[in-house]
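Just below sit the structures, each encoded as structure tokens.
One chain, chain A, appears in both complexes that follow, with chain B as partner in the first and chain C in the second.
For the complex of A and B:
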């Protein structure tokens, strides 16, 4: 499955004039997105959109505009427009189940993002949303992969979207998923405590089966549910054996390490599989932790493959080689949902 | 409340309820149709305006046919609010 176009709205400078060297600093343990001006979204439509929908449509429209045809819209989002959903639920209580405004409700369902992209473009093709929490984006990719096997000429829009809402931040904070102490993202990997920092973002890709003029190839994906570190390492070895011939090197192992000491062992056992021919890098200090952060990692991997440079702040361990042809991504969500993705030139 | 004061309040409510980005009360003319070619509102906005009347002025529009006349423009909304307001 080849990536031909991509856009990324993140807490960093990734939308226009991409600058991977520059690192915006988190505030209150949160990395909020830098939203662009959404010139392509009509004002009448934009005013009704919550952040997740706005970001999703805003990132998708330039790609669709540049593409001849889009035969399917496949979005992964764990929470959709949670902020608007909670506004709606609060109104039910506040106005004692009286007459409610529909906008918050209409805009808050997870499938509102894919739906709005379809409506805005009058696109009546395959339109689906995957909501499998930390594997929502991976499932969207697997769906795209299967669709492209059946329809060789298809051009698909695939993306991952999640926002920080006060609701999910507070609930997950109470659940111990964010750090108790305030830190900034430059020190994310130094604090040996539980929790991480919150992030949000949208990444969109146009994918198809055509290698010509592609940015990168998502050549393999595997997801698994387990809380056993040894099983993760074992599955990673099997993934490598199955998808990478022994004469080929994995130039970069890109991980979703997020500073949570409870998850560190998953990353350690996986890193131990590699020798010094493989660099190790991390990305959560750049985008924060959110269920579809793995979509960001695919975007980052494609940029690294094209630029042939890994900006210093991502690097955990540098290999002897400067060649960058193959990147293996490992992401872990809450120590339960794991994914491996192989990105090649 | 004087009509002018009420008018400004109503326009501010409309901007807030409909999230009319970058609009000020002065941008909404008193006799400009709210729907169609005027302000360009649509059917979802009409429900928002009905909710606005109920929450801010205690007015319930029971018959949707009445809504078309009441929500025609700012002047018609003001007339109706002054006549029926409970708050």
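For the complex of A and C:
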């Protein structure tokens, strides 16, 4: 599955005039997105959109405008428009279930992002929303991979979207997933305490089967549910055996390490599989933690393969070689959901 | 490519707690709609719902669930899933193998706990036991953990058509070699969130809904879950095969966030695509389980789309007149009903119909009938224009 176009709205300078060296600093344990102006969305439509829908549509439109045809819209989002959802909930409670306005309700359904992209472009093709928490984006990719096997000529839009709202920040915080103490993202990997920092973002890709002029190849994906570190390491070894011939080197192991000391062992056992021919890098200090952060990691990997350089702040451990042809991504969500993705030139 | 066959079914709805009790109620044309007895909302007395009259504690006891933080959505799902898995006689080693997928659709997740969610979302300390159970994925993760499924797990939410897409995704996983079998279903429980959401759109019926009637005035919300076990025909030896999942298709109406277009392009394309996947001509469909919500918009548009597809529209009905609209559970529950109909060579009537819609003149099936047929189509159309159709065929 070849990436031909991509957009990324993140807490960093990734949308236009991309600068991977620059690092914005988190505030109150949150990395909030830097939103672009959304020139392609009419102002009256834009005003009615919640953040998740706005970011999703805003990132998708330039890609669609730039493509001849889009034969499927496949979105991964754990929560969709969480802010609209809780706004509607607040209405229910505040007005004691009286006469309520439906806008927040309609926008709160997670499929509103894919639906709005479809409506805006009069696109009547395959349209779906995967919401499987920390593997929502991976399932979107698996769906795209299957659709491209079933229809060799298809051109698909596939993306990951999740927002921080004060509400889901509260809920995740009550669940113990963010740090109690305030830290900034440059010190995320000290790993002394539980929890991480919150992030958000949208990453959109146009993918098809055509190798020519592609940015990168998403060549393999594997998802796993377990809380057993040994099983994760075993499955990673199997993934490598199955998908990478022994004469090929994995130049970079890119991980979702997020500073939560409860999850560190998963990353340690996986890192131990590699020798000094593989660099190790991390990305959560850059985009923060959110269920579809792995979509950001695929975008980052494609940039690294094209730029042939890994900015210093991502690097945990540098290999002997300077070659960058093959990147293996491991992400872990809450110690329960795991994914491996292989990104090649 | 081996055909995909259904080897197990499970369902819990306002009509009954198991496939057999639902079947009996369908044959007798019973209606499961009522005022609310268990779920508290200001609409408990004034509107009708497809409520399952079993309390959460009773469900937990029956299912042997002792952990905290488990929502009604998850309990209803486990109830139907257990029935389907037992029915298919899947072995423990198969359930826990890396080639078994678990695909679940739902739209409310733990938001059935509106008041707890409100507290937690607006609170800085003292979370409730449900802080990890509000998202749609929480139900699938609970089921995954209960069963120890190791293969691809996924949660799908395309509003009212969610579980049709779950069945379709599971079938494609098998066809593409990502799994050899799948446990797949959909679920939703009643929630203040959806009751007030649909009410704010003015599409909740004050009385029992009247699908395809000229004077229809909205839908009833329901709750429940349907699950099926899908396997490759070549893998199935010595067990009952209920039906073949022969056709499926997903299309978007691309018209409006909460209404279908006049011509029903989305529904038309979904049905047309499902026929093409199944390699069938329209006249071969013996019965259509319609989406048939009872809203002004859906039934007229669906009727028009049926007339665009079928030269002569086959017998059709809406089970939503009996169990309400179960949202993320709807297509899975109605798939189980469709499989039961096909297996027993019988079709079940729509309730509360009197006068046809002028623009279509279509009359749904009004009496229980023995019916000789080979293929059944089931439709699901959702907010956001998400339209999907499935076709089940006799073995």
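Definition applied: the second predicted complex is superposed on the first by the 344 of 345 C-alpha atoms of A that agree within 3 Å, B and C clash if a C-alpha of one lies under 4 Å from a C-alpha of the other, contacts with A are read in each partner's own complex, and residues count from 1 in each chain.
The rule is simple: a residue touches a chain if its C-beta (ideal position, glycine included) is under 8 Å from a C-beta of that chain, and two chains touch if they have at least 3 such contacts.
Nothing here was measured: the structure is a model prediction, and the numbers come from that model.
In the superposition on chain A, no contact is made by A:244 with either chain B or chain C. By the touch criterion defined above, A:30 reaches neither chain B nor chain C.
When the two complexes are overlaid on their common chain A, residue A:45 makes contact with neither chain B nor chain C. In the superposed pair of complexes, A:121 makes contact with chain C only, with no contact to chain B. Judged by the touch definition given at the top, the superposed model places A:174 against chain C, while chain B stays out of reach.
Considering which of chain B and chain C touches more of chain A, the answer is C. In the superposed model, A:106 lies in contact with both chain B and chain C.
Comparing the two interfaces of chain A, the one with chain B and the one with chain C have residues 99-102, 106 in common. The touching residues of chain B, when paired with chain A in their complex, are 17-22, 40, 42, 44, 47-48, 50-51, 54-55. Residue ranges of chain A in contact with chain B, taken from their complex: 43-44, 46-48, 95, 98-103, 106. Contact residues on chain C toward chain A in their complex (touch as defined above): 41-43, 107, 111, 114-115, 117-118, 120-127, 131-132, 134-138, 140-141, 144-145, 149-150, 152-159, 165, 169, 172-173, 175-176, 178, 192-193, 195-197, 199-201, 250-258, 265-266, 269, 382-386.
Chain A meets chain C in the complex at residues 73, 78-80, 85-86, 88-93, 96-97, 99-102, 105-107, 109-112, 114-116, 118-119, 121-136, 139, 142-143, 145-146, 149-150, 167-168, 170-171, 173-175, 223-226, 336-337.
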